[in-house]
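Shown below is the structure under consideration.
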Amino acid sequence: MNKSIEIQQQKETLRIETFSDGVFCIAVTLLSIEIGVELHGDVTDKELAHALLAKWPLYLAYVISFVNVLLAWIGHHSLFKMFLKPDNGIMVTNGLLLMLIALVPFPTKTLGEFLLTGGFKTAVIFYTAYFVLISIAFRLLWYAATRKAGILMNGVTAEQIKLTTRNENIGLICNAIIFGVAFINPLAALVFSFAMWVYWLGFA
Amino acid sequence: MNKSIEIQQQKETLRIETFSDGVFCIAVTLLSIEIGVELHGDVTDKELAHALLAKWPLYLAYVISFVNVLLAWIGHHSLFKMFLKPDNGIMVTNGLLLMLIALVPFPTKTLGEFLLTGGFKTAVIFYTAYFVLISIAFRLLWYAATRKAGILMNGVTAEQIKLTTRNENIGLICNAIIFGVAFINPLAALVFSFAMWVYWLGFA
Amino acid sequence: MNKSIEIQQQKETLRIETFSDGVFCIAVTLLSIEIGVELHGDVTDKELAHALLAKWPLYLAYVISFVNVLLAWIGHHSLFKMFLKPDNGIMVTNGLLLMLIALVPFPTKTLGEFLLTGGFKTAVIFYTAYFVLISIAFRLLWYAATRKAGILMNGVTAEQIKLTTRNENIGLICNAIIFGVAFINPLAALVFSFAMWVYWLGFA
Amino acid sequence: MNKSIEIQQQKETLRIETFSDGVFCIAVTLLSIEIGVELHGDVTDKELAHALLAKWPLYLAYVISFVNVLLAWIGHHSLFKMFLKPDNGIMVTNGLLLMLIALVPFPTKTLGEFLLTGGFKTAVIFYTAYFVLISIAFRLLWYAATRKAGILMNGVTAEQIKLTTRNENIGLICNAIIFGVAFINPLAALVFSFAMWVYWLGFA
């Protein structure tokens, strides 16, 4: 293939990855927007301290989503490192993924706000369902990259492709199991999520 | 032309495109800020589930605008790829376009919030009118690029210019028609918008 | 001077400029966050249309600030193009400028919300005072760049320095006059601001 | 070591630094979001002026946090300049640091809102405790960089490592002292913070 065309294609891939990085970066930082205490009139030191402590579910939801989006960002990069040329299939599936990532503040907020209410189970089901959707978008992005020749770089080995396919499948299956567990025991589903982090860090 | 001046000009073009990309990226991610459920006091799982489902117009508006801004970003890039040197005309028309893109969360929110109210028609007219403005800004940007020599790169063929002019005109006309349809049948106008996406993806 | 040190210094300058560009870009996009209509319960098409039109002061304030921040971004770039090496003086004055740019949504919101109230004059005085502060920060940044040798690049001529000093002074004086006019006739101050845009575009 | 592998590793380092820069940049700009006056109905010029002046604690908190995040950004860069290859330890500790930086708007808002209330002491304790956490994250990041060979670039001298370790330790100890002082005299803790800025600027 012509060398200058190849460089041009890599530039296009880089541009899309830079834009995607921007969405990950803004989404993760926007998670903080909803966090705050609402107290009106004069307050005492004790009241403020209690109000700050009482918001722990918001902090927990923030931490969970921050780590999840950061791991998704790392996973996104390890896919894009293999792409030579983004075609329409990549554009559409990557767009779908970004649409979901940009909206992560919504399930996060929902989880944080309803963690201590009678709506706890629904909040966890919603949150875990959301990350099943993200796994599906990742799986589709990888499918779009492998369904025909010419999208992955020449240097990518069959071994690497197999390993990535396996990882994406494991991610999807684990998130689906966590989602299923949420219906039976929401707390167990959250704990299972934390266990996944350690697993993924091994691939970072 | 002096080679180092040309490189300097391309760097200026890149800088403006990077800034523009930032505005597209932030605008698209800010779309998520307004989405959430407001329930106070303790709630049951059922109440939360109903509240989440009842917000579907916000989700729909989010998806529509996310796709529209992403398509606008792709279109913006395909124009900037042809620019050698941004003059004042490019700066002003591009500034106008960015001003509109940055405010997309406003018509989006309006569409989502009033989709199920008696203000549905006004919301759709406002939303479609807004995208007519964006099409006009695109058309002006392209006009600024072609109205005199020295702005497009030497490699750009008359064929490419003709095709781009045609695409920008079609975009403007289609959005104007959708806007007109919104006065008669708002739902049909939204459906027509979706049909446009498929068309534009062919040019991505 | 050692060539590789020079390249290293230019990389540092670029890094600070990229960060600054990010602040300009986010500040300008965040201007849109406050814009929206608040109507509760069911509404008619007419009510929504009226509510949308009634918000025109917010739109006007948005447009004014968007253009002002964009012009400030262009001005910021034309300074940084001349910098070889950012010292502490540049860091501090540039930090001051960014602190003011990031907070532009606040005077913008104030102008938009109180334009049609009895607080109109205060809103315009506050807004114009804010842009006097921004002009001062620009003037200090330029002072930090010229107060000693080694900060500007070797290629920068005495002519260029003189012209830039003149421009920064004119900017500061004009904004100070607009601020003064706001005390006598707030509307005239706003109109004077628009006239400035045309002037600045000549230097873009 | 193979030259092309080294370049690849530096690109990975740069990518993580660019993402981190994005988080710093967005966090610092989001600080402005909460600032505004809430007055309803018609107001007089005097009322608006008073309302604007009465918000000074919010402005003060904004300035304090803006400077703190900017200094943290400078410190972050001076660490990353020395990194050759980000391993999992760097990823995790840097992720922890970013998680804290992205949430700075929360303690900032808390400080600004409760500065003039009976909750002043709690607000300052919370704010200073938060910056102790940030210092710990910095210290962990530096520990992750030095705990084994191959992470720092070959050009980094033992002298530089010693100096950086000393700086990170001083930062942590000073923030811990400020935190302790906040329990006895919150105002003195804030003044001490300002004194630190002058000190850090010497290392910028």
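Per-chain numbering from 1; labels A, B, C and D assigned in written order.
The definition used in the following text is that a contact is a pair of C-beta atoms (placed from the backbone, for glycine too) under 8 Å apart; a residue touches a chain by one contact, two chains touch by 3 or more.
If you're wondering where the values come from, they're calculated on a predicted model, not measured in any experiment.
How short can a chain-to-chain path be from chain A to chain C, counted in steps between touching chains?
Tracing touching chains, the least step count from chain A to chain C comes to 2.
Taking all residue numbers at the chain B/chain C interface, are over half used by both copies (same) or under half (different)?
Shared-number fraction below one half, so different.
Can you tell me the C-alpha superposition angle of chain C onto chain D, nearest 5°?
The two chains, chain C and chain D, differ by a rotation of 90 degrees.
With chain centres set to the mean of the C-alpha atoms, which chain is at the far end from chain B?
D
For chain A versus chain D, what separation do you get between their C-alpha means, in angstrom?
Roughly 25 Å, centre to centre.
Indicate the whole-number Å distance between the mean C-alpha point of chain B and the mean C-alpha point of chain D.
35
Hunt down the residues of chain D that sit against at least two other chains at once, touch-wise.
Each of 22, 26, 30, 33 in chain D touches at least two other chains.
Draw the chains as points, connect those that touch, then say whether the picture is a line, ring, star, complete or other.
Ring.
For each chain, which other chains does it touch, given as pairs?
Those chain pairs which touch are A-B, A-D, B-C, C-D.
Quick check on the complex: what are the chain C residues that touch chain B?
Touch list, chain C to chain B: 21-22, 24-26, 28-33, 35-37, 39, 42-49, 52, 62-63, 66-67, 70, 73-74, 77, 201, 204.
Name, in rising order, each residue of chain C that touches chain D in their complex.
15, 18-19, 22-23, 26-27, 30, 33-34, 88, 91-92, 95, 98-99, 102-106, 109-110, 114, 117-123, 126
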